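Here chain A shows up in two complexes: once beside chain B, once beside chain C.
Take a look at the complex of A and B:
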């Protein structure tokens, strides 16, 4: 039997702790660090990592001598709004532009007041032992940002959070977003960097974003995974929804050698509602793993999930969608749909709905399909004179475009459509 | 225009068309009638180039070209248009994008310039009004959520846009109310031209009141067993297919 594989050396902690963090956070970090030395990398036997454990070998090529070079710049891809720039996980205060209207506050974890610090450090995140990469983030993060959207305020433009990474090393961005009661906002998380193709992974972005939605608040999160091939990305989005709040997520994932997104939503109080949309495409040898989890903890909550994935060439996509309806979550409504398209015989998509229902008065529907391009649709387009390759492109795009149209930001829609078109041209349809 | 000789076609090893001979001259309208399952849609699909069907014998000549050697998209560019009996829904591909791509690929095949966006829009709006559909349908997915009648009208709208030399209408009249039937008929009549031909597959003679055919053929068990003028349709309506020595299931 093989020896247990640990996190590669480049991911072990060498930097001293940030002594300006509050005591509770420092303590959590010490715990995480203490465990890191012995923490095993997930293997295939770990159900949660069954299909992605092998791709973790891409972490072996990381090095920890980051150069710290290069200035942060706002990405110029047409996505507009207020902008917060993080480079290697650190807030670049002079790049970006925050609203002057005080609808939003961005605070470094170093400066949290007592009650905010308590919110952050008492998160369920630290009680979970099933999230090794979140633990890695806890061990490493040096600053952390707290974003407050103020009570009963509506942010007039989206807040873009741009995560940029340089060409070497690992970064551990950490965000805590608090939508106060009745607040409304759209956040756009944009992961960029390393556009060139390199044979090996040289960068790891290991991000954690927590969303806390207080009663009646409404948050839309658009998450764009756009970084280049050499960036490995393991990210966690953890949301907790209080009474009558609503979360909408739109994830657009473009593959890299190792991409993993865990999206975990807790509907913690009655009347909470979430809608999770995702589009994910891979080509070449890329790997993208989507793990979503919706916890219906309280009664009268609704969840709706829609993911569409396209794998081309010899790439691989994983979709694992778990819905857990707790015993007291009566009158829950859940609907999950995952449709997948394989563009080649060598591509692979592993989809697994996991429903655990412990309440009896609930509605929960789910459906998954995996298919190739529909021959009947293709024939119809051909009978109108459309060339075969163009017809295939139209159908492939059409498969995901329905979800892209639901993204409530025109600039993002345009960007995602462009990326999808580029994907289809680069993939061998 | 179109010459079909001794056409035999099979699907999954089952012979369906068993020796069809048919000649359609420029400007002519031919109606094809016949009981359910006799092979009418099969013939239409074979003409359009559906590769699910295997051609086991015979030939199809369009103008002076061998149709059977052309892939589907080239047949369309050569002017073959099939209005489907059951048009497929394609969510995610907008009608507009679909029509524009189709029209421009046909135009460029004939050495014509692609239409610019404004000219195309004008044309599309004009044609969609002609078939009495709301222009808002242009932005929807191809046939997505359309009712049966709307799908049929959309087929006619596409035909008007693409102006085919040979239009094959596979039961475009089925399931239409009188108003929609008139819309379809007006569309076809608007396209009639000494250089264009039409093949209409139908079960009902009422369509032929609006689009008067030059010939009527009866297809049964994969063969044309009778041909005649437009009176034949009336006769069939009255007497059914029994008098032709075949089982009458047309009204099923």
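Take a look at the complex of A and C:
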């Protein structure tokens, strides 16, 4: 047996615990810290990290210089709405703008009341041992934010949560979003940070976002991974959907050296529905890993998933989608679609669409393709006098834009489209 | 559907048709695996020194390996030292020269199994290299095959008669260190078939082997090696039945196929081993490594399998497409009932230019069984213009079974194209209702629907196998509706 490989030292040494956290949370954190010694760095042999374990070597260049508070003003990127800024995992109360109409409550974990604290600390997250990075987050987070969208309220503008990572070291933002019964809201998670030219990864944003959708609530989550090359990112989004609630996610990933997003959705009560969309582009030596899991726990739930990935140069994209239909989840519908475009002979795409089904009265399907641009389509555009790189960009953009158009917020839509175009154009020049 | 409950219960109790134990005195090693056992095994077979060394090397590699745990299977840990690694019918010690000399008890066994041996073999036009437990009993049609220059004999015989071929190809497709079970097989394989089709020859007969596990507590570790030289063609059939037994029996086989330039190999399997009773007691543990290498240009390897038996199936017939324009195919029907578990699929590894592969997999789960498709499609950097099409469909019958799909798709070539589709559904009430309206009872209707579901695969089977397969599905499925 090989010796267990440990996480780099920079990710293991912990700062003193925040004594203002409630008891239950402190206890959870202590447990997580106690397990740090035995926490193994995932290797190729871990099924979940089969294709991404090699990219974890980028964590070695992290220093454990706990970051100071970056001074840079949060760039707004043209995404408008209410804004919440977390710099290096810490809430910047004076930056950003929160709604004053009491539709939304943002509470630091330090000020949680008893029932909310129970909600947070009883999450299934803490029973899972298959999420090493989430365990790291639990061991390290210093504050954490609780966002409540109030009962039967509809948020008039999207709530932007900006995660800005600067300087050096790792940050551990933690978020718990509660959409109360009948609430409706759009959340935009925006990951930004050091777009410097440093060749090595100096920053890691290791985030955990939990979404709890109470009956009949509707939540749209837009996740924009826009940080610079030197920012490594491992993120977990864990959603639990109650009766007749609906979750829609739109993830746009622009690769860095090490990017990983785990999206886990549990359809826990009948009538829940989720739709997961994602686009992902990588250039150069980038690495992007999308892991999604949809658990149909209750009957009469629907899920739909659409991911499009484009890998250029010598980059690598991983997609692992899983639909798990439990024994009692009869009358479930699940559809997963994953299409990939390989633009270069040095790039690699690894995809694994899984179905695990224990109920018989279900309809479940998945489809996957990996391919290249259609030569005839390209030729058609060339004959119309369009230069090759432009024609290729048009076609590649056409491949993903269908999903971009489904993003409900116009500003975000424009931003993603521009960003995609820039990336794709760079890939074709 | 509920009104068929009674008949269902009756049918569920239906016993395994091929479950009987032939009462022949066996020459069996005491349980346990060590170098000494391997030496004795090798000595018993009069093997040359190089063969023994090869086995010992495999054994030493095996000692350092861990049993794989990634499959979607649950079974109690196997104690490899409680298994006997060699068993030969004693009456075979002085090798019968013709069928008349064969133990009549044995012949009756074959007859019960319906093997087309003896005269039936002639009528059916099949040459059978029947393996009874671990020693080849008799081989028919040898002369006809020899005329064509085809070598078809037990592997132990090939080691003596054609050492140069065995040495050249054995372990080239599935090396000793390949995996835990392949390493074990390499160390203790006792019997198997060897086929060599010379250049430009189209094998005049469909070659066939029947494996049967007989004596209690003996695992059967056969090893098959098929080499199709340039421009040759062969179709090989493998079928399995085993008698009823209470203790789980281990079976770890290796099949290696080698196709040179323009050669074609078609390998068909109907596997109907004892699946255990309705409570999941007993049944065969089947851990098989099957792999074909398309070494030459324009070569083709085609796997067709119908899997209905075994308590546990761990089997991934694969193709390594090295030669330019080579083709790999995999057609599979896997049916599980009661407490059976299957984790089966294929690997298509595209290395050469213009290589193509097709995967059609149909999984049917009934009772409390679990049926998983696990497949890999990999395009290497040199696999320009390679193409893969995969379709895996699952059918669920009953609310307590599971159907799973774990496809791995890895592409390192931007001119390669892969398409993968999977669906899961159940036998729909509408379909059943339509049949019942027309006076077809539920059992028969389900059987018709399932056979329709598997049609794409059955049409790839040789004729006589297709008939057997259709029947097999009916028998295996009986009692699963309700």
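In this text, the second predicted complex is superposed on the first by the 419 of 429 C-alpha atoms of A that agree within 3 Å, B and C clash if a C-alpha of one lies under 4 Å from a C-alpha of the other, contacts with A are read in each partner's own complex, and residues count from 1 in each chain.
The rule we apply is simple: a contact is a pair of C-beta atoms (placed from the backbone, for glycine too) under 8 Å apart; a residue touches a chain by one contact, two chains touch by 3 or more.
All values reported here derive from a predicted model rather than from experimental measurement.
On the shared subunit chain A, the superposed partners chain B and chain C are arranged side by side without overlap. Of the two partner chains placed by the overlay, only chain C lies in contact with A:349; chain B stays clear of it.
In the superposed pair of complexes, A:408 makes contact with neither chain B nor chain C. Of the two partner chains, chain C is the only one that A:327 touches; chain B does not reach it. Annotation for chain A, partner touching more residues between chain B and chain C: C. Shared-chain residue A:78: touches no atom of chain B or chain C. Contacts of A:388 after superposition: chain B is touched, whereas chain C is not reached.
Using the contact criterion defined above for the overlaid structures, shared-chain residue A:361 touches chain C, although it does not reach chain B. The superposed arrangement places chain B and chain C with a least CA-CA distance of 14 Å.
Contact residues of chain B toward chain A in the complex are 48-50, 71-73, 75-77, 80-82, 84, 87-88, 90-93, 97-98, 101-102, 105-106, 109, 141-142, 158, 162.
Residues 70, 381, 394, 396-426 of chain C are the ones touching chain A in the complex.
Residues of chain A touching chain B in their complex: 374, 376-377, 379-388, 390-391, 394-395, 397-402.
Within the complex formed with chain C, the residues of chain A that make contact are 47, 51, 327, 330, 340, 342-372.
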